[in-house]
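When the chains are written out, they are named A, B, C, D, E and F in that same order, and each has its own residue count from 1.
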Amino acid sequence: MRANRLREVVKERGHATNAWLSIPSSYSAELVAHCGFDAITVDLQHGMIDFGQAVTMLQAISSTGATPLARPQSSDPVQIMQLLDAGAYGVICPQVDDADIARAVVAACKYPPSGERSFGPARGLLYGGPDYFAHANREILVFVMIESRKAVQNLDSILSVPGIDGVYIGPNDLSLSYEGTPSSDPKGEAAQAIEYIRTQVAQRQMLTGIFCADGAMARKRVDQGFQVVTPGNDAAILKNGCLQQLAGLGNATADGGGSGY
Amino acid sequence: MRANRLREVVKERGHATNAWLSIPSSYSAELVAHCGFDAITVDLQHGMIDFGQAVTMLQAISSTGATPLARPQSSDPVQIMQLLDAGAYGVICPQVDDADIARAVVAACKYPPSGERSFGPARGLLYGGPDYFAHANREILVFVMIESRKAVQNLDSILSVPGIDGVYIGPNDLSLSYEGTPSSDPKGEAAQAIEYIRTQVAQRQMLTGIFCADGAMARKRVDQGFQVVTPGNDAAILKNGCLQQLAGLGNATADGGGSGY
Amino acid sequence: MRANRLREVVKERGHATNAWLSIPSSYSAELVAHCGFDAITVDLQHGMIDFGQAVTMLQAISSTGATPLARPQSSDPVQIMQLLDAGAYGVICPQVDDADIARAVVAACKYPPSGERSFGPARGLLYGGPDYFAHANREILVFVMIESRKAVQNLDSILSVPGIDGVYIGPNDLSLSYEGTPSSDPKGEAAQAIEYIRTQVAQRQMLTGIFCADGAMARKRVDQGFQVVTPGNDAAILKNGCLQQLAGLGNATADGGGSGY
Amino acid sequence: MRANRLREVVKERGHATNAWLSIPSSYSAELVAHCGFDAITVDLQHGMIDFGQAVTMLQAISSTGATPLARPQSSDPVQIMQLLDAGAYGVICPQVDDADIARAVVAACKYPPSGERSFGPARGLLYGGPDYFAHANREILVFVMIESRKAVQNLDSILSVPGIDGVYIGPNDLSLSYEGTPSSDPKGEAAQAIEYIRTQVAQRQMLTGIFCADGAMARKRVDQGFQVVTPGNDAAILKNGCLQQLAGLGNATADGGGSGY
Amino acid sequence: MRANRLREVVKERGHATNAWLSIPSSYSAELVAHCGFDAITVDLQHGMIDFGQAVTMLQAISSTGATPLARPQSSDPVQIMQLLDAGAYGVICPQVDDADIARAVVAACKYPPSGERSFGPARGLLYGGPDYFAHANREILVFVMIESRKAVQNLDSILSVPGIDGVYIGPNDLSLSYEGTPSSDPKGEAAQAIEYIRTQVAQRQMLTGIFCADGAMARKRVDQGFQVVTPGNDAAILKNGCLQQLAGLGNATADGGGSGY
Amino acid sequence: MRANRLREVVKERGHATNAWLSIPSSYSAELVAHCGFDAITVDLQHGMIDFGQAVTMLQAISSTGATPLARPQSSDPVQIMQLLDAGAYGVICPQVDDADIARAVVAACKYPPSGERSFGPARGLLYGGPDYFAHANREILVFVMIESRKAVQNLDSILSVPGIDGVYIGPNDLSLSYEGTPSSDPKGEAAQAIEYIRTQVAQRQMLTGIFCADGAMARKRVDQGFQVVTPGNDAAILKNGCLQQLAGLGNATADGGGSGY
């Protein structure tokens, strides 16, 4: 089975970059995947992407060396299993607020006896190889998103669930939970929570990941010790790029498109 | 019938900005259309976009104030008529190398007796309004692309064809024709051809448009007197934005995605 | 943030009209949206519409003044949040049979601390505007569908859940629950239930809505005091229109297509 | 090979009804096909339909007894052959203005030695049966559209081209050509042309077809002797149905959607 | 209402064949449906198929005499109801591990008072006929999948749930549950479980179905007494066919595509 | 730029295998591409595939080592250029009956001054690499299809057109032209023509390719000296595989689906 390069990259270089896709197009997915990111996440939660489109995007990503990941809409095992069958080499599950949810997520990602994943790895066999079943439980990365006060309070029990490979922080929802307003770079209690999560996860030798507004913020997060960082999503990058060109022209009059996280 | 705002903007402000879409997605189209461009062109020639996708993109653009345009794959009247029926408020027709092609393009855009457009303006009626037929011949903008030595040689006869509203220059193909290599900012003979075209078109009170690599180049073109400018296409903006974020992170290793023009 | 026109229309005119879409096409959606309805509901429950198609339909509706709504497949928060991110300005949630379900629906529609909606309003920002987050909890309309005997029995506790803006009655399912057979104009106990629901909802100054078989039935419902009415869905209107044309021709031999509610 | 029922119906009943689809949806196609029409035409010229969508629509129509037809975008042999391979049991080719065009159309519809159709009848084999090749030249209906003054002038030579099964009149384009304005029920010279075409075609024992605004107009055309009539297209029927429901409600305020022909 | 032919075939011939589709294409669905299978199952669990694609596949199957079935992603009532509205004439629900799940599945398939299916049978009315409501509870087939040790332990209580028409065995998941490795022809305890399930189901006069690797295995299962058998899925048949052709050429070097079950 | 592996394979091994896709699905495309073929051709002529679907199929193929090719619908330069921009590494152009058509095909495939290809190599840059422009004229393979008596008569002048890399024989159309009936293994004059073409092409050191019914026929063609062979298309392989499984079961009753060439 093809090895999970994201894990290897973190080992070799200390950190990895992870693009984030919300535009439902296999062409833009492939374009982004050729830019040099180590992993690409197809976002089915806040992206405008359904399963049929996600499949073609995972295929496009598979034509490059970037590791294909997916964020399912929720921790519901049904869609997690579907995305793994579609060849995602890892999932980043949103709103994992307690250990029960974490256990369900892991169970969806692991074949018995470790979990309850149903057998039928369609594209998994194509992307991973004919020995997919033998190694999938090891190669597929399971990230849980910690993005609420409740999740932080339950962090210890969540991290004790066997089979979790890493934690991805959603700063916007975390800030919303702590501060009542979304922010990709929260201050105050939410900022402390981010640092607390990072240290707790790192102590357990699990991967620490976080969504960032852009490359500069991602750099800051790497300097803080994060290992997997997302420097903005495709929609924000496209919008900001357009505004930049219009500004270069002297016509900066956007009405505020784009997509926050 | 809804007035063609692109024409009005040029009158009011001297120049207009025109985005260029190659990603087959109505979401990215809408995102770009909210950035403040005066017009948005759906590119069916070099974009990865077919007619079904173009329709949803034109619809998405129609939810903003930007004027929806389309670049058909060629000067074939069949697709030009189809795109106008789909609500494009203008076409930018590639490779119009002589007056016969120009006449065919105009004929496809005008209802009889001015032309030979077949009646059935589906989305035209929705976007334009119930009196679409009465005013379409006037409101729909017809741009011909001048992008070869042959076209430049035939420029006078091309511009003499009644019904052309403007000329859009494709600098890459023009450079390829003159210099043997594509360039969005050609030097030498091709650069002279660009200036020659601009002045000839301007003398006839027709609109002068040109594709540019980015906002800075577009600014330069406006300063040269161009009225409609495209500061790069969506694919290039997305790719460059990704590379910029990776560079901010210290990970600039793209293998060279993107799309030239 | 763009104001919710459906609410305004009811205030101004006493009632509003709401089209109902089951055909998975952005073109038919746009066509219907241009007919003069105050709101348009994309039906993901009984319509043949999935999320990817719903996005393009919401975009098409957004090119008109009609307020875009969606009926999710169920009260599952995951799809409700996805549809709001896709720019729906309200949801009509089916089968809300008790207060717990109602609370889950409201929680999915409101950002913390009022609810548990996750942040990432993709198309919401485009359609609503850059200040979407600040006003979304107020502008987004939350309708719960009352369509079973159980729901009627629990009506008081359901309506006591804070954050519900209105009730939409599904007469077919209600009739099925009370009478054992679907009917868009039920008699007997189900008819009494409809009147009971309407008065209870109206007493609390919440919006009263109901699905109707056609315009004549919708008129009757408005006369009874309903504020938001749906005069049939697109499939039924198209089918009946076809049968009418065939009848005009003397060829009325349909085998009974169409879609009941 | 499955027999072409449209031809049989005309023989049995004197006339046949033909629905006209412009909405790109296999669901609305199937809905219309269940209404009792004898044939259903997928319109790729003025409909918002591309080839991929047309295939699913032809499949949906194939689940009923209605004969699946297609109107290609033009008389270009390439798309005609593609639509026949996709299982269309006949084509209605627009803008056949002279005998050369007519010959090209027929050539695209007939396998050698009668014509130049390339072999590869994909869905044709499924819908028609395994002996498709042996009978296709006979069963597939070839309609040419006469819709300009030029075509009327060339009518005799057009009709002399062997292999044409019938003529379909496009009254809107014909009116545009003669009167300078589109009309589905033209007066004056265009009306005379319609009657002239009908009699010329009928004299040669070929099928006479015409697009009509609605069922009443179609009835009139049948009374005039037309054999295949289209009582409006799906978009117009859906729009008029919506307006009718709104009128029933007292809210008739459409801004003029719909699609003329 | 159209009768469920699958049930009739089993009565007449003792067993029936059921194709299994994982490729998201209405063309391949139609192709397979023309091969002579008695039923065709659209697999939304391990297939790469979403709801929008499933609709077009069910339509394509409906153009043949094969009975259209669907495997939903899970026993979640929401998708089961959606697939029945889309015209599936039966569902094969995965991972029905206890009687509560079985009851939920049945409830989703039956209109009140037998169950809780919501009314709105869109394509059901088209494929089944206008009297769909009156007979759907009887004609629609409900298969539950028994595919874990837990399900076998609960078999008696599962089979006691009224409304189940048959059991479909998933040998791969069953083998995974018993033996720790997937196998379409398991040995040992899992093989005994298969025989135990078959006899228990047969004793209750319910249908016995099972997924098989290929036609030879399916023959063996029929000989064992199974009534509904699936001789491999489309992906495996296509892959094996390709390898067979390459072997015929002397180029058998596949890297192991295909899809296991 | 990535080298064209198809050419290399022929050099190394004497012949290469080329799969043929008519099913519009990126999943089946990827499945086939993993089977070990040296090249994969997306067939837009007789396949049920449009451009939007072709793009996702080319992407899926690009995730394997197989060389992605496309058969355009015709020799029209417009679609040829579009498919090359979409990343096809070669085209197989149908019905090249004379040297003029051959010249137009080559011109569409080569950038000036060798040809007239317009610049904008979207996916070409992604799949081929950033130096695509510099080497595309060399790496992109141009196959012309010889499939009529006329083409055979013009063979010498066709093969004299500079820039053609090889000839692909379409035996069905060739047989139709010579014998009046399609056959993938024609006898008589058509068989002689095939051998004549092969020797003429081979003498000029150009690639000799041919479509075959299956692997056994392909083996025969390789033994005859052909270098690139197609052992049936995906539709035929899927259909025959299904029939084989049903035969294994004792249920071989297909009504004759599939697709001939």
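Methods note: a contact is a pair of C-beta atoms (placed from the backbone, for glycine too) under 8 Å apart; a residue touches a chain by one contact, two chains touch by 3 or more.
None of the values given here were measured: they were computed from a predicted structure.
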Shared touching partners of subunit C and subunit F are A, B, D, E
When contact pairs are matched by residue number, over half of those of A-F recur among A-E, B-C or C-E in B-C
Taking each chain's centre as the mean of its CA atoms, subunit C sits from subunit D at a distance in Å of 37
Separation of the C-alpha centres, subunit B versus subunit D, in whole Å, is 34
Expressed in whole Å, how far the mean CA point of subunit B lies from that of subunit E is 51
Residues of subunit D that touch two or more other chains sit at 22, 24, 27, 30-31, 34, 48, 50, 52, 55, 122-123, 126, 235, 255-259
Every touching pair of chains is listed here as A-B, A-C, A-E, A-F, B-C, B-D, B-F, C-D, C-E, D-E, D-F, E-F
As the complex stands, subunit C meets subunit D at residues 17, 19, 22-25, 27-28, 30-37, 48, 64, 214-216, 218-219, 222, 229, 231-232, 234-235, 237-258
In their shared complex, subunit D is touched by residues of subunit F numbered 22, 24, 45-50, 52-53, 73-74, 76, 94-95, 147, 170, 172-173, 176-177, 180-182, 235, 255-261
Within the complex, subunit B is touched by subunit C residues 26-27, 30-31, 34, 55-56, 59-60, 62-63, 122-123, 126-127
In their shared complex, subunit B is touched by residues of subunit F numbered 50-52, 55, 78-79, 82, 85-86, 111-113, 118-123, 125-126, 129-131, 133
